[in-house]
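Chain IDs A, B and C follow the sequence of writing; residue 1 opens each chain.
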Amino acid sequence: MLSSLGERVFHWLDERLDLQPIQRFVREKSVPSHRYSWCYFFGGATLFFFMIQVATGVLLLLYYKPTAEAAFESVRFIMTEVSFGWLIRSLHSWSANLMVLAAFLHMATVFFMRAYRKPRELTWYTGATLLLLAMGFGFSGYLLPWNELAFFATRVGTDMAGKVPVVGRFLLEFLRGGEDVTGATLTRFFGFHVAVLPMMATALILFHLLAIQRQGMSVPLSQKEASTTNAGMPFFPNYFLRELMGWAIALAILAALASLFPWELGEEADAFAPAPAGIKPEWYFVFMFQTLKLLPATVAGVEGELVGLLAFGLAGLAWFFVPVLDIRSSREEPSRWLTLMGVAALLFIAIMTLLGYVMP
Amino acid sequence: MMRAGLTFLLMTFAGVALGQDNCLDCHRELEDPAALAMSEDVHAQASVSCADCHGGDRTIETEGDYELAMDPNKGFIGVPDPGDIPQLCGRCHSDASYMHRFDPNLSVDQVAQYWTSVHGQRLREGATDVAQCASCHHAHGVVSAKDPRSPVYPTRIPETCGACHADPEHMAAYGIPTDQLSEYRAGVHGRALFDRGDLGAPTCNSCHGNHGAAPPGVTSVSLVCGTCHGVQKELFAASPHQEAFDAIDEPECESCHGNHNIEAPTDDFVGVGDEAICMTCHGEGEPAYGVAATVHEEISNLKGAMAAAREVVDRAARAGMEVSEAELVLIDANQTLVESRNLVHAFAVEPLREKVEEGLALATTAREMGVAALAEVDYRRKGLALSVFFILLLAVGLYLKIRQIEERE
Amino acid sequence: MSASWRIGRRSFVDLLLGGGVIGSVVSFLYPVLKFVMPPAVAEAMDQSVVAGKVGELPPNSGKIFKFGRRPGLLISTPSGELRAYDGICTHLNCTVQYRSDFGHIWCACHNGHYDTSGKNISGPPPRPLERYTVSIRGDDIVVSRNS
């Protein structure tokens, strides 16, 4: 009954838009089947969490007030007076973290599978930018409830931005909308969070997805033999159902986290109160924060923090341009060294993040 | 010649007509500090001349003829003798009809009051180093007591009185302690006045009087304190302590709270502990001991209940629950705590216990509201946890569907 | 295996899946629909609140009302003018009240007096009461805080 209705709708649209090419494409689309096919899941998971963010974000927009005087109270209002406001808010906060985590895992699997190699460099560049945008979403969104933690975490985070050589001052004032974190910062972050970043992200996601449709899924070098011996898995319905199942599990994880660790309201930010002890930025910035904290005051005559920032800058550039730098994989050759460096980087990030929470 | 004479006449008439004060003009030219201070003086602004206090002829303006102006035959007295000053000021300031021309609201009893004061009595006996009008109000550059520049503006009174009373050399002959100013500064009233700028806080003159300055008599201390602390005074007057203190000539409020360095009272002042003032007079075994212990315990209970309720409500608020009703109840509970502390001055258990019970009930209500809010948090978490189960069921359904489809193939 | 048994199993899975999908959709749609409908009080009550009804207070009387997390005091002066203040005494945070016998505001804890403009006139209170704005909206007396 439902399927015949679906058929009727499809036919109606097809008469007007000629959906045959799309139908053919979907029927023929297949996903390579090999040992690491499960890694393909992470991109979709990121997209899933992003869609949840958009939906819950739009809902929150109906009640949120982006001024220093009203922000905290409006979030309290959402959590206490609006039906299921606490749920939408908790989902939004948790899904944000899961989105960043999924994006990071997606990037890691793409890296280790060298999926960025020719002809998929553009997909990597848009993806890397999207990861940075996701972190930007997280950073800007974190301030919006205008509670104590958020206020001071933002101050610490933008302080870090201010330490970048040459452009640090401009960057800090651009981010803060002034010299210090104030209502102007809140308004600005709100603008970034609901307009600027979504526009950029939507455009990049569309390109990213189109490129994937155009080029198909990349197969890691080690699996090239194995994947050519089978026709792969049909996208529809086999892979699609698996994707849905994955999304169901992702949703279950989200609901579990939101119920085990419900997001708190906290206390309203007070610019003149002393910073509470142990202020940290959000977890995905902690590794950088902790590294800068551990660096000595000077390294070979240069200010320690400056050295740290330069190192991160260089590492970031290398990471972003890995399709260019990894000449071997563009020749379809494996590179052990790069894998080792990737593992080392992951370990560094993991250890620094852990230290950031464990050390006083 | 004619012209000079005409100018002279004109100036004289103009001078007389405008109330010109030639004493002031001349002394200003001489840069006499007293004269220079008169630019901001209320007397000068009311056209009172130097000659009106110092005597002499204010109209003489020829330079060099100061002998004509400062002529004893014309009433010139030079610098007045300290002993004569109250009368001198009182010539105008005790004359109601005269003063009402300038300020209908000014009282005119200052000199009369002054003679009742210790300062006035000593002055009459011939002391020259006691305070008289000019000591506190100064003589030149006098401004209204409501003007912050005045030495008798509330925030400046302690230092004005302290100029003599905090000077050991000055007070040596009188045998009075000189620590009152430093004590006052350290006490609650001093801190209210100086640190918080609270002009309602009492200064020296609030308790001692200003013109009729005298230490309050022993039996009247509570009346003085009671002008502001009325609730405590009434409770004290009805308590067993009033009669008891009167009988042994104990100065009421001051016995427990001090006079100049009045410490901020804590709940440990009452009770049987180390800091308890009750124990200064009462010993173990006396009925009063039991009362003190019970009073302290009751108040501690109330504070404990309120703290517990506060903790729960705060936790619920941080979690994002609606707790404004609980907050209002806690405000009411706080009021019962304040009123209980008042009731300490009844020195009896019953009225205090009643108030504490009221407070305990409110604290319990607030705590229950907080607990209910936290229970709601829990309920929501469980609801979400349940949804996890259903979502996983969906995942299982999808898995089975996949299996089913692929088995067919 | 018999065909009929396989069909039975297929329908069971379809049923489970269909039920799961519908259940999920409903359990998503229900909270969302409830969320978008505004709650009884459309805005956070911290900036303004309805403190009473017109005509409720005769001249020379007052009442305590709830303003967010603090009590507020609404008074009708002896001349019938409506004024509103923060209801918490500036001395030790007791709740003030209007005394018709005094014709002004009073605090029971330590005998603090405030005049009908909220100014502290006698007793320990160090500061005046914070004044709120009173407006009439139809039948309602609306009290609002100035940010």
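Going forward, a contact is a pair of C-beta atoms (placed from the backbone, for glycine too) under 8 Å apart; a residue touches a chain by one contact, two chains touch by 3 or more.
These numbers were taken from a predicted model, which means no experiment stands behind them.
Counted as hops between touching chains, the shortest connection from chain A to chain B is 1.
Nearest to the common centre of all protein CA atoms is the CA centroid of chain C. A count of C-beta contacts for the chain pairs A-C and B-C puts B-C on top. Among the other chains, A has the CA centre that is most remote from the centre of chain B.
Between the CA-based centres of chain A and chain B the separation comes to 60 Å, rounded to the whole angstrom. Taking each chain's centre as the mean of its C-alpha atoms, chain A lies 39 Å from chain C. Averaging C-alpha coordinates per chain places the centre of chain B 37 Å away from that of chain C. Along chain B, residues 387, 391, 394, 398, 401 each make contact with two or more other chains. The set of chain A residues touching two or more other chains comprises 76, 81, 87. Partner chain B is touched in their complex by these residues of chain A: 75-76, 79-81, 86-87, 89, 237-238, 241-242, 244-245, 248-249, 251-252, 255-256, 258-260, 262-267. Those residues of chain B whose C-beta lies close enough to touch chain C in the complex are 192, 196, 198, 200-201, 228-231, 323-325, 327-328, 331-332, 334-335, 338-339, 342, 387, 390-391, 393-394, 396-398, 400-401, 404. In the complex of the two chains, the chain C residues touching chain A come out as 31-32, 34-39, 41, 43-44, 46-47, 147. Chain contact summary for the complex, chain C toward chain B: residues 9-10, 13-14, 16-17, 19-21, 23-24, 27, 66, 68-71, 88, 92-95, 108-111, 120, 123-126.
On chain B, the positions that touch chain A within their shared complex are 317-322, 377, 380-385, 387-388, 391-392, 394-395, 398-399, 401-402, 405-406.
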